[in-house]
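These notes are about the structure you will find just below.
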Amino acid sequence: MVFGLTARPDMPEALALAAEVAALLGERGVPPVVDEAIAGAIDHNGDIAPLGAMEMDALIVVGGDGTILRALQHTSRPVFSINMGALGFLTEVPPEEWRQGIERLLGGDYVIDQRAKLETWIDGERQPDAVNEAVVHTTQISKMRYFDVRVDGNRAFSFRADGLIVATPTGSTCYAMSVGAPIVDPRAHAAIIVPIAPFKLAARPLVVADDSTVEVKLLEDKDALLVLDGQIKRQIGADSTLRFLLSDRTARFIRFDTDFYTRFRRKIARLMTVEEENGT
Amino acid sequence: MVFGLTARPDMPEALALAAEVAALLGERGVPPVVDEAIAGAIDHNGDIAPLGAMEMDALIVVGGDGTILRALQHTSRPVFSINMGALGFLTEVPPEEWRQGIERLLGGDYVIDQRAKLETWIDGERQPDAVNEAVVHTTQISKMRYFDVRVDGNRAFSFRADGLIVATPTGSTCYAMSVGAPIVDPRAHAAIIVPIAPFKLAARPLVVADDSTVEVKLLEDKDALLVLDGQIKRQIGADSTLRFLLSDRTARFIRFDTDFYTRFRRKIARLMTVEEENGT
Amino acid sequence: MVFGLTARPDMPEALALAAEVAALLGERGVPPVVDEAIAGAIDHNGDIAPLGAMEMDALIVVGGDGTILRALQHTSRPVFSINMGALGFLTEVPPEEWRQGIERLLGGDYVIDQRAKLETWIDGERQPDAVNEAVVHTTQISKMRYFDVRVDGNRAFSFRADGLIVATPTGSTCYAMSVGAPIVDPRAHAAIIVPIAPFKLAARPLVVADDSTVEVKLLEDKDALLVLDGQIKRQIGADSTLRFLLSDRTARFIRFDTDFYTRFRRKIARLMTVEEENGT
Amino acid sequence: MVFGLTARPDMPEALALAAEVAALLGERGVPPVVDEAIAGAIDHNGDIAPLGAMEMDALIVVGGDGTILRALQHTSRPVFSINMGALGFLTEVPPEEWRQGIERLLGGDYVIDQRAKLETWIDGERQPDAVNEAVVHTTQISKMRYFDVRVDGNRAFSFRADGLIVATPTGSTCYAMSVGAPIVDPRAHAAIIVPIAPFKLAARPLVVADDSTVEVKLLEDKDALLVLDGQIKRQIGADSTLRFLLSDRTARFIRFDTDFYTRFRRKIARLMTVEEENGT
């Protein structure tokens, strides 16, 4: 089995830990292919390749959710991650357990947690897929825009709002949760549409089938912004039409514990701990 | 094609309209089988049978949502309904359009809208299916109970609350909507679990897959009540376990307009009109 | 200074601690007047009196929120409480700090936190005041009732719902919080009205002035229940009118730390800890 | 009585109606002082002055909420408004009733509805007052910021969110309503703090007393934006401190119907009508 290796490039601790991971894998006779973006910053004796062109069976990521989300833009291989971020909701092991994690990985003692991605189109042009969510937002703070949402060609609702989120089940516990989305079990194969600050009393989150196409029209002559996974931004011109649907492509996570609910409860506990540390 | 006919028994206008329906069907040579519960109260010359034993291809219901929900406890045949209720969210035509409705029915000009029902078990004993929702509620007003919810054997969440609702997509626009559930497109084949007045800041609605089993444990030594579709009540003893899952059996509605969203928007408009008439 | 003493009567630990409190106060030459409801269950050599007829300057309560709320029905004296309950949001010190608490009390090292109570009337007849909230609820689970709410004679809103809560600022962090009420700083001198499970998309919590009178009419021919502080119940007949306003009488709490926000954040932290212990 | 007159400058219908108003007032012998910003665009024979320097007893505004909010930045005189906007929540009469409105104004047949404004400070420097609300928002869409909120020096809560709103009771039915604020009766003399898209499960709206000072710290090294009444923008540097409190200055509205609830219900009805027209 060939492993790729990447890390958060601007975080010395992440790079140092990546070097340790590379060393351990080297000792075991399977030196990883190292992401060229960090290859110069760590000691290693493996091959070097850009993330998008790595020949590998699985990718090891040392970093937080942002690092994982960026990596998932470049690979469809299963990802195993060691958390170096503040929350690390997508990651699998905390830094102090990195060694056991790598051992389980080498021993094949894991499962693959496959998650639907979201396909996104602007005026007929395909954009990168999102793992968590696509956000459409007014570019002018506190100036609402008018959104018209259709599902499979049928008008679902329209509202004036700051924006809206189209999220995967994975994303239901991220940004979408902040604006009142339900938690969606990944096995439900459904997408969620949630308005952001709707000036409409009848606005509610909407859950649609995995094979439904969601179309969003921006009805006024103003710009808006599309943000995918908090990482990729696209300016949207007036009168644009956006299209979203659950993708055939998946994000694959290497897990030692697949149960969605255990993970979710752990996430909430972590979030509450952070809240408590911050004095509520 | 053989039609059954029932109506809201305690509403003279509903019975009068049912008699008109029976007369029109008689004229067309297809006198309906009349529900024995109303047979004495209307003029007709068809057969009489109890709802649960009717030989028919489709059932015509004159009444509101309650009448339909009760009828659906007794038949798995497609239901066509003429609204005589206040809101009539499940009904298909308003009373003034009953004649066109019957004509379309006779002409075969309709579609069948098939909806998942909810299967309910108390301590291993099967209960009637619900079309909208199952409500579990403390019997003592303003005394919370402790609920433990598992999905497919995995602990999902637990909370102190007045109760919880497990709803079908059909039910997502009914009682569940009152306590913050998302709207669920029926094609999403998902069930929703929503706490009622949870004394827990982390409580959120949960959407689960159609083949998931939801198990609810009541952890304290107090009674609770199970209410199915607002119609059927069961006392639940202390330490009972409830089980819910989407059923193989469906409720089937005869529709002239299948689009879920058009129906939903019409429902909201009707609800808002009622609100406005009542002075908001 | 003369102290009264009461405790949760059905909890041996609370009674044992009350006896220790009585002994300490006896040692200091100020034996407490003991609530006759617990006098037989604890060793002490002070006077005995019913709660409602105690000659005292302050009342010491050993128990949880329920014990305090019951005691506040009988006295307008300042209350100092040692928590023996699960959450104890109204209490001041945990059991392990009872001795320091009593010492500060004897030393006069405390402040009085004065809180508005809620005055309640049914059809012109005054009911006991509530410290937290008054709940009006349908007696039939999952059968909504129609509520009409007026503020100072002006129609505010009406809705179909399971019930409604009228809460004081103190109650804003209790049951009202479960159904979406805002947190209200006690210095804001305002009351909150919140619907419980409103079947109305435009329903929102409402904050009214401290000198406003809230009138609730129950418009259908069905019974309802009024519950004050989760303790006192009154059956409400059809077509009754309820009246609520912030009372001139106050509940007074002896505090070592008056800051509302510190208390609130501590409460939330405690609630989250309980949630976490229960596996989220 | 001397009247000032202004109108939405970029809307021909508003200017035309303003000219009619000027003509009627001229006929009655009380030609208005006309805002110099529109003086060139309408026929009239009164004096001309900038809004901020008008000698007048009351200001007549022809336009929508934006026009009124802008005018209220320049005058503390009572404002009477004829609605030419889409919603016109702050306005008093629809365009077709402008003549009766002016007659009642001339006849003194009105009341003054006095509303608290919000005082705003950035790092000790006073900003214009807001009638509705102050919004603090991250400048980077879908990148949360960390907010720390203190009330009268006591830490109230902190959270990661897109932003927060501090609103007056008048603003409680505007933008704040979109993010879950309660409706606040203006007589309650309270301010509301509501997070926008908080990534925190324990986040709730907070109601504080009219003499409380709310302090908001932005804890990370990123910019933010302050927007007052959707009109006035200020860039906020990293580590800035914002201060908000209800102002001594008030906005004064000329009303023919002072009842807050009638106005609110009318507003909701108008909002629902607009929603319905837009197909929900």
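Which chain is which? They are A, B, C and D, in the order written, and residues in each are numbered from 1.
Everything that follows uses one rule, which is that a contact is a pair of C-beta atoms (placed from the backbone, for glycine too) under 8 Å apart; a residue touches a chain by one contact, two chains touch by 3 or more.
Computed from a prediction, not measured in an experiment: that's the story for all the values here.
Asks: Compare the two sides of the chain C and chain D interface and say whether they are made mostly of the same residue numbers, over half shared, or of different ones.
Replies: same
Asks: Which pair wins on C-beta contacts, A-D or A-C?
Replies: Spelling it out, more C-beta pairs touch across A-D than across the other pair.
Asks: Could you put a whole-Å number on the gap between the CA centroids of chain A and chain C?
Replies: Roughly 45 Å, centre to centre.
Asks: Mind checking the centre-to-centre distance between chain C and chain D? Centres are C-alpha means, answer in whole Å.
Replies: Those two chain centres are 38 Å apart.
Asks: Which integer distance in Å separates the CA centroid of chain A from that of chain D?
Replies: 39
Asks: Two-or-more-chain contact residues of chain A, please, as numbers and ranges.
Replies: Expected reply: 155, 157, 177, 201-202, 204, 264-265, 268, 272, 275, 279-280.
Asks: For the complex, which residues does chain A have touching chain B?
Replies: Going by the criterion above, the answer is residues 151, 154-157, 172, 177, 180-185, 187-190, 192, 202, 204-212, 259-262, 264-265, 268, 272.
Asks: Spell out the residues on chain B that touch chain C in their complex, using ranges where they run on.
Replies: So the residues of chain B in touch with chain C come to 135, 137, 139, 141-144, 155, 157-159, 161-163, 175, 177-179, 196-202, 225, 227, 230, 233, 268, 271-272, 275, 278-280.
Asks: Which bits of chain C are touching chain A when the two form their complex?
Replies: Going by the criterion above, the answer is residues 201-202, 204, 264-265, 268-269, 272, 275-276, 279-280.
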